[in-house]
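What follows is chain A paired twice: with chain B in the first complex and chain C in the second.
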Partner chain A sequence: MTIRALEKISVGQNGIGSFILQCKRLDIHYCDHSGSSRGMNAFIKTHLAKFAQTHPAIEFAVSPRPRKHPVMIGHYINGRQKSICVANMEPSQILKKAELLRDASGDKVKRVNKPVTSVNESVRGIWSPYHGNGMAV
Partner chain B sequence: MRRISRLGKPSGARLAPTARPLAPLCTPRAAATRPSPTPAAVTINTLRFYSSRQPEPLPASLTSGGKSAAAAPESVEELAAEELEVQQFDHQSQQRVFVPPPRPSVAERADTITDTLYTPATTAEGLESIGGLGSWWDDPAHWPETSDFVGFKPKHKVQEPALLEAAVRRALTETLVMKQLGQEEQLTGIWGLQGKAQHDAVLALDIRVDSDGTATVTGDLHAVADGLVVKDGEPNVDSADVLPSAAEALAWKQQADQSWKGTSLQDARLKFAVIKRVMQLTGQVVPDQKLADIATARGLLATLSKPPKPKTFSQEIETKKQDLVALPNVAFSPKRVTRGHKDQALGRYKLIEAEFRKRDLQDGPLSVPKSREKKHWNGEA
Partner chain C sequence: MSRSLLRSLLELRAPSTSRPAAQFRLPVRSLSTTPLRRNSPTPRNATAPSSIPTNPAEAASLATESRSQIPQAAEALYPRIPQQVNPPTSESRATIAQLLPLLRTQPAHYLTAHIWGRPYLVTAGDQIRLPFKMPGVVPGDVLRLDRASTLGSRDFTLKGSPYIDERLFECRATVLGTETEPMRIKIKTKRRQRRNKQVRSKHHFTILRISEVSINGPEAVSL
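For the complex of A and B:
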């Protein structure tokens, strides 16, 4: 009896069946005294508690970085990082940036110039020079 | 630079006739440096120096002989009156500590001069320059340091909770004593600052509070009331010497009965007197907008003993934003997170230390700052 591999029924995709947030950790750095951190400090005071509560899958590490601009750094499960400087921003703008980091996949930003992208393999398969009848040159 | 003159007298003070202000109004230095002529030594020159309400006598060439003769008997009486005025003025200037400049004198108008020889000047050339205060306020004898304003409120503000509690208890007791003795008019007056013995005596009095908040003080009320009267010739007591030390206040607080805090302060006169006394003892001012909310002594204490403002944003987050810090997915660090902290979190830190020790490269933990490491290298302690 020959052994046959299981046929692949579907390709695993994040969000189909279960969703795993790609952002695993968010570092939030501020300065106690600098004016550029005023918006960040207000964000920590007013928005961060609610944001952290609604995203239990993300670890938030809040710590000061004296004499530096405020920064948010997202760490992703693919091992990459994405950092955004939020100097002189309003709390609402910083909240938008936090949502951007949360929604990012962690991949490098790639240029998308095709109208349709799909994870499914082509129905026709991948062309191979060793298969088929060949072409008469 | 000319300075604005101020009086060394508590503002808004309604002193009793026998009362004395808190600051010494006449200092030996001021008395020594200021000219203080005795009544016998008062001359016309000194009179003119202090009072020049009357116009200066014109030169003989400008006055008619008959007029000056007529004015002579009148001027003797005026001089006698002025002499009395100067004596009073000198007494007042001893009470004050700065010497005011002489009053300005007004020259006779040119159109009222009857002398035919008088010719009004057309240019300023050759005329004597008169008027102005000159360097009056630059003379330290006119403006001694002791003449600086001394306020009712002490400069140092008491912040320790136990001391504040002791001060409020003392102020409340004294106010209740004055009220019980029927000296209600003294509730708005200035009370003297006595030493620690008086403080202990006031706190030793017992306060019984009824269910409606009415308080009754029992003990030697008259001794306390006598201590509040400001007497002449008493040495000036600094408010810092009135209250006990923080440790003593804490010891008193731990063994004291706390029922006095329920005393009602709904009576506006009572509340005013207590807050005024607390301000005098501690330098703490209750803002106007919070006055209406204070109904009991406990409320007054809560208003006074508010926690100090956090120095940094990190401290504020740690103390006030517990809803954020307590979240399970939030790690808050009040200090900068360094590489060493990250290694510690991973458990790598002790391995690094052990490897360093094996190679005799690092003596002591890695957490020692670089600056101290440098000191060790240089053989310093």
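For the complex of A and C:
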């Protein structure tokens, strides 16, 4: 007799019972000397504390990365990561990028044509020509 | 290990907003989308506002409930758009009183929720990808979708003209985040010109998850 896997009886869907933010960690890299990090350094001084305070679900890691452009890397629950180079940006632009990383799900970006995706089966069933009252031809 | 430690520290630091706070429940506000942070699970028998609101047709029909005061910015962004209900005819009153309990007892329900004029046929648990980035919301916000044109089960359908009375159902959606798509590159050509132009576009879409669809009985509209 072959071994059969247990059938999956339910699918985890975020946001139904509870909501879990998909971004779990945000790495922030800066350089003390290079000019491309000027905006990033200002962001860390002015905006970052408040942003981190309003997002207790995200772990923030700030570390220097000398002689390189400043980078923000978001790590997601699904194991993927998303990185944005924020060289020569203003602090307000960097804040927008941080919000982008926070809002992202971490999935690969795909083109989706249908607005509604569902795992439920159709409520009204599938139409059948062999049932019902029939159609006069 | 360090991560779990950090987690627990963070939980210590931040008052957990994700827990339901049963004491501070305002009734459902028929205000439009408000950025409320990490809303609590919604009150089950929340009542609609006492005065029946009136509504312009294609407007955003989102209402939000919050434990805290609704911020002024959100109030300005999503002004209160009350629903305009035509007084039901005696026939429709009789139909609702007779058939709505039957619709309620059939298990699976669907409804056509309208968000900013567009219809989305959803059931509980579905994910909606809005064709725009909804301003003023953050992941975790709970929106109440209060405009629906149809509401049904397998054998019964309630149709609105154009919308169903918002006191008859409760539909809530959680904002999951913002997604995007691969950059589209459209090559524009002109006749007898040797140059081609590439037009690039990349849009952002707000993702919602329908967390709750429930139907109130005919007593909700005092029938």
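Following the convention adopted for this analysis, the second predicted complex is superposed on the first by the 105 of 137 C-alpha atoms of A that agree within 3 Å, B and C clash if a C-alpha of one lies under 4 Å from a C-alpha of the other, contacts with A are read in each partner's own complex, and residues count from 1 in each chain.
We take it that contacts are C-beta pairs under 8 Å (C-beta built on N, C-alpha and C of every residue); 3 or more make two chains touch, one makes a residue touch a chain.
Bear in mind that the values here come from a model prediction, so they are computed numbers and not experimental data.
S.K.: Since both structures carry chain A, what do chain B and chain C do when superposed there: clash or fit?
M.R.: Fit: chain B and chain C sit side by side once superposed on chain A.
S.K.: Could you figure out whether chain B or chain C reaches more residues of chain A?
M.R.: Comparing touch counts on chain A for chain B and chain C gives C.
S.K.: Looking at the overlay, does A:15 come into contact with chain B only (first), chain C only (second), both, or neither?
M.R.: In the superposed model, A:15 contacts chain C only, not chain B.
S.K.: Considering only the touch criterion stated at the top, classify A:44 as touching first (chain B), second (chain C), both, or neither.
M.R.: After superposition on chain A, A:44 lies in contact with chain B alone.
S.K.: Return first, second, both or neither, reflecting whether A:56 touches chain B, chain C, both chains, or no partner chain.
M.R.: Both partners, chain B and chain C.
S.K.: Tell me the contact category for A:111 with respect to chain B and chain C: first, second, both or neither.
M.R.: second
S.K.: Which angle, in steps of 10°, is spanned at chain A by chain B and chain C when each chain is reduced to its C-alpha centre?
M.R.: About 120 degrees between chain B and chain C, seen from chain A.
S.K.: Check the superposed model and tell me the shortest C-alpha distance between chain B and chain C, rounded to whole Å.
M.R.: 6
S.K.: Across the two complexes, find the residues of chain A that touch chain B and also touch chain C.
M.R.: 56-57, 59
S.K.: So in the complex, which bits of chain B are touching chain A?
M.R.: 312-314, 316-317, 321, 323-324, 327-337
S.K.: Within the complex, which stretch of chain A touches chain C?
M.R.: 13-19, 21-22, 54, 56-57, 59, 100, 102-105, 107, 109-112, 114-120, 123-125
S.K.: Which bits of chain C are touching chain A when the two form their complex?
M.R.: Touching chain A: residues 3, 6-7, 10-11, 13-14, 18, 37-38, 41, 108-110, 118, 120-131, 138-140, 152-154, 174, 176-182, 207, 209, 211 of chain C.
S.K.: Touching residues of chain A toward chain B in the complex: what are they?
M.R.: Going through chain A, the ones touching chain B are 30, 32-33, 37, 41, 44-45, 48-49, 52-53, 55-66.
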